[in-house]
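Both complexes shown next keep subunit A, but they swap its partner, so subunit B is in the first and subunit C is in the second.
The block that comes next holds the complex of A and B.
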């Protein structure tokens, strides 16, 4: 197992380098704005623009720029400086990370708590009114785009703008250490928005997997041996059915930790997602590169964790 | 100025047209037809920016400001963006300033008076400007000392330092003696005979330009004894590592350190009172900031569709950047006292490549000019609340605008009908040698437009249609706005035949600030070029030169009006609209907006009711 994990981590590093190179190339090759022109004023002269290019290191060959950048990351954990604000990308990212982690963790807990039981109950009570109602609700939430759902709940329940002003409105997020109560209440609506669609997906996914697993021979054998139905479902059925759900969960967590752009924008939560979209609008490559690497790292780590978890959940899986 | 309000401004359409065009047509002679009468905005209470009362507010309170856009620079030498200016003018004191309710009359800020020939401030035929500064203005802590003329000199000299990244010094201050080769070091043409006097010696009679440019934040004093160590960095760290303030407010700081304290990049900015500011250090009642608010708390980021309703339904709030189109509609119809419109907000025009292709022919340009339906473009953008049909290139509120014909514009046949006139267009096609009145040449006209939003796409289609109506074969390329500028329209070697989305916003009240960079041949540069049409007409160039160096302000305005008329006469580009900028604030906010700065809220004059 240790060798397996080590091998996965090393491949993960290779993957991060490849992701970084691809992002670098895309930014250079595809039409985009020149960062030096973005920084220079509209009346600036060519000498000033050239000075900015030198200052930003843009006059070096691309491979030199890339090599300097990778050296900065691996040797100094330095993601460079924003073209737009000259702020350290590392500090910007770590400043925003707690907000994104808060958003992600809460949403994940909520959608797992909502989605998994609904999926199990729907599978067990297949064909009943409960099953049909659950799956119809799930389909409804799956169909709702996040930006629409976010605006809807704000205009229904958010303070200042809402019809029934129960929950804090946009821009009310504060850090956990600043005010835990306000932190929690300010995240209720964003958590719900993120969790609603995901819970629906997970419930449908688990229901389908569980129905398939419950038809397997070994389930029939367990029942034939007199194992209680509850134990059949939870110890034998769900244990197999949940592994694909776990895979999706890993990818979702990894992706969300890279920033929930729409939710963060609508609720004005200054996380990685909002940072990323601001950087894209400003063609601020160092930030885009940094957040992309971060998102890729989270996905890789999440997938490693999921793969390790497989080994414990499913005895058929052994890594050598 | 560096940035227009971005795509959001260009996307105020649709709902507005449906909701308010009925209101507009009843008292706006400029909409829905070919009239060129002076358009009147269908203003409601609180909306007449020019008549706004700037004094009489209540002291105290915190204003919460929301902005989806971030600031670019806090360095007064580097700032060149409307949002930066809103903070810059509240926290710094340039030599001169436009009062909030004026777009063309300078008032002294740090200076004791606006120099003129009658008060002896302008001498030597307009080649020497003497400015006296207030004797008791102090820098904020930790500098704490009195501002001297040496600090103003240092501020202007550093504008030429590439590390400061100033975008306009070489355009407006290049005629100061010794400035031509300046790189941030001493400039011989700026002298300080005593602690409260600064003298500018010019190589030409350029006093009118220099005076106007001294109203920009770059003339705000910086501590001369300290600035060197910050400007030695590339880029300068003044404004990030350290900043000293002279205005009624300052960015909250820790011993002068702003970033990470009062300014969190992309998140927030907090303005607090400058403890060293003295309200008795202003010479003119025309500009005497009352600084009613105790604090300004700015939140950055967020969705404009959410920010707007927050401000309209909330209290103690204002929006700093452009409200979304749905917000403008909502404000106008449901919260009319919470929205203000400003007419001095720049213009848009369609550029035609004057240097190659078919539009080197002046009659072809006139034909296209005559045929462009400017009324349709206004309707696409949202109707009368977003702009009035453009008829020349100086904008309302700029000196020379009225002399150039006002809203009706110069009286030329191709300029008369703002909804387009195919018959007139065909006459000029014939004059260009196309006897049928339609283009029969082989050239395919390349049009490069922005695809940022439905409105831009609709404008591109409208423009394309106007060209095909005249027989042109067209190739329409639609790309992201930033790509449109950086790969096509601002790069002379790639310049297309037509850029439908050109435009300009003045830096100060002078025709030079509106017309030189977009239309003078000397302003053409290989990259970051703003003369999209590559206009290089010797007659126009000479007229601009003459206008610039006309020392008498009244004659100067007339000279620029003559340039403006010449631009229309030569049809170098086709004006589309005179922009109107909306701004919103909550009902309990007595918002005072700077009509010279796209109506941005003026924190030094705004108060809570």
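The block that comes next holds the complex of A and C.
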């Protein structure tokens, strides 16, 4: 098992290097505004711009730039400096990470709390009004794009712009350590927007899995040996049906930690997603590179965690 | 407390109940409402089993044999199922029993084992835990006592090294061992009735014989009744005292095992017998498959349900629905067939002598059928 994890981590590192190489190439191939021009400002002459280019290392060929970048990371854990603000990428990311983590954790809790019970109840009460109502609303939420749902809830409930102004609107986010109450209230709408679609997806997924599992032979065996129906459903049915859901959950969390671009933008939450968008707008390559690597790392780590967890959840799976 | 910690039933042999059988099924009907129509899975069957005896229920898939036994445990209950008749077990009607009362019967008084032991065991739980669950669902004993019982049960069904095997997962067992574990689970509470639904079908031939021998041995030791459901007459030949042959939801022939093999009466039973290889058949004799397919249980054939597949069909058989009636001069033997008893006797003798069904028919046709009834033969051939 330890060997398996080690191998997976080493492969993850290789993958991260490939991801950053790809980001380098993409940034080179696609037209962007000259970062030096942006940095120099309006009242600058060619000499200044050229000077900045040299300073940023932009005059070197791309492979030298890539080599220098890799050296910085591996030798000094230095991910470079923003072209735009000159702040170090590491410090920018660590500044923004708490907001993204807050957003992710709350949304995950919310969608698990909503999606899982709804999925279970729908499967058990299959074909009833309750099942149909839940699955119809789930389908509705699945069909709503995040940017639209985000604007909708702001229009309905957001302060300053909403019809019924009961929740704080865009830009109201403050850190947990600054003011826990404001932190919580400001995140209610973003959490809901992020969680709604996911809760719908999870409830549908779990319902489908559970319905399938409840038709399995081993469920019939459990009933045939006189196990109580509640125990049949929870210990035998849900135990099997929830395992694939947990897999998806792990990967979703990994993905979200890389930044929820749309939700963070709509609600002006200064997290990784918003940082990334702003960096792209400023052709601020080191930040884009940093956030991309961070997102890729979260996805890779989540995958490793899920695979390792699976070996504990399903005894038939063993890694060697 | 000391009484409770002993998971076995009271010592001593069961008192004999005289004429009342352990399980008495009377006119059981089970139908399911589906989008395609009403499926008449079981259509008025009656049978009974006594303690220490074995009933074999034989038929193809879709004959209703599994549905009837699942109904015994209440496992076919659903809003879409309509269940009628009576099913008296120890004097109580299983069909009208409350869900929770029936749950207490399941796995306790009546236990069941299934066809595919791999899919019938939960893949995520250790075999021992699944055995313990069977004990703990009905007995108020400690976990340690249940575990000890699980180890005893594994030993009882001949699993080597039960102390260690109790902590193995089902996928770590071989097919035969899994079925042994299933049997152990069924025996956890020393049931009075064990229903085995195709217990050997998914197993290798050598393992099949072992499992059947195990069931027989356990029956002798524990005195339970067994209902064995199979499509394979070879299996019931070894183990059953009595055999009921089912076709399209009905019992078409019912007799002791000796009677069924010595003088089978129903063309379907003949078909089953002639389609299995036997060592005592003449060398070089070909196996004769039963032509056609099992009928739809939504739109069943008119008259005798077997008539579309019967090589000896007469025109009248397509209109008249045969009842299960005693066979003359063969006490305890019942058959639902419209052919005359002496005609059936001649056909079976001809089949035994290695004749094909068509030849056997020609043999009896001139004697048994009026000229008017000769036409359906031509019709059928077209």
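The rule we apply is simple: the second predicted complex is superposed on the first by the 314 of 320 C-alpha atoms of A that agree within 3 Å, B and C clash if a C-alpha of one lies under 4 Å from a C-alpha of the other, contacts with A are read in each partner's own complex, and residues count from 1 in each chain.
By definition in this document, a contact is a pair of C-beta atoms (placed from the backbone, for glycine too) under 8 Å apart; a residue touches a chain by one contact, two chains touch by 3 or more.
Keep in mind it's a predicted model, so treat the numbers as computed, not measured.
Student: Mind checking the superposed model to see whether subunit B and subunit C fit together on subunit A or clash?
Tutor: Aligned through their shared chain, the two binders fit side by side on subunit A.
Student: Using the superposed model, give me the angle at subunit A's CA centre between the CA centres of subunit B and subunit C, as a multiple of 10 °.
Tutor: Result: 150 degrees at the vertex subunit A.
Student: Is A:51 touching anything from subunit B or subunit C once the two structures are fitted on A? First, second, both or neither.
Tutor: Only subunit B is touched by A:51; subunit C is not.
Student: Does the superposition put A:307 against subunit B (first), subunit C (second), both, or neither?
Tutor: neither
Student: A:131 in the overlay: touching subunit B, subunit C, both, or neither? Say first, second, both or neither.
Tutor: In the superposition, A:131 touches no partner, neither subunit B nor subunit C.
Student: Does subunit B (first) or subunit C (second) touch A:270, or do both, or does neither?
Tutor: The first partner, subunit B, only.
Student: Once the two complexes are aligned on chain A, which partner has more residues of subunit A within touching range, subunit B or subunit C?
Tutor: The partner that reaches more residues of subunit A in the superposed model: B.
Student: In the superposition described above, what is the shortest C-alpha distance between subunit B and subunit C in Å? Please give a whole number.
Tutor: Taking the overlay as described at the top, subunit B lies 48 Å from subunit C at its nearest C-alpha.
Student: Which subunit A residues contact subunit B in one complex and subunit C in the other?
Tutor: none
Student: Would you mind writing out the residues of subunit A in touch with subunit B in their complex?
Tutor: Those residues of subunit A that touch subunit B are 31-34, 37, 39-49, 51-52, 55, 82, 84-87, 92, 95, 151, 154-155, 160-161, 169-171, 265-266, 268, 270, 274-275, 278, 283.
Student: Going by the contact rule set out above, which residues of subunit A touch subunit C in the complex?
Tutor: For this pair, the touching residues of subunit A are 216-218, 220-229, 236, 239-240, 313-316.
Student: Please output the residues of subunit C touching subunit A within their complex, sorted ascending.
Tutor: Subunit C residues touching subunit A: 70, 73, 75, 99, 103-108, 111-112, 114, 116, 119-124, 133-134, 137-138, 169, 171, 182, 185-186, 188.
Student: Can you name the residues of subunit B that touch subunit A in the complex?
Tutor: These residues of subunit B touch subunit A: 1-2, 66, 70, 72, 80, 162-163, 165-168, 170-171, 234-235, 240, 259, 264-267, 299, 301-303, 305-307, 309-310, 313-314, 479-480, 482-483, 485-487, 490, 517, 525-528, 530.
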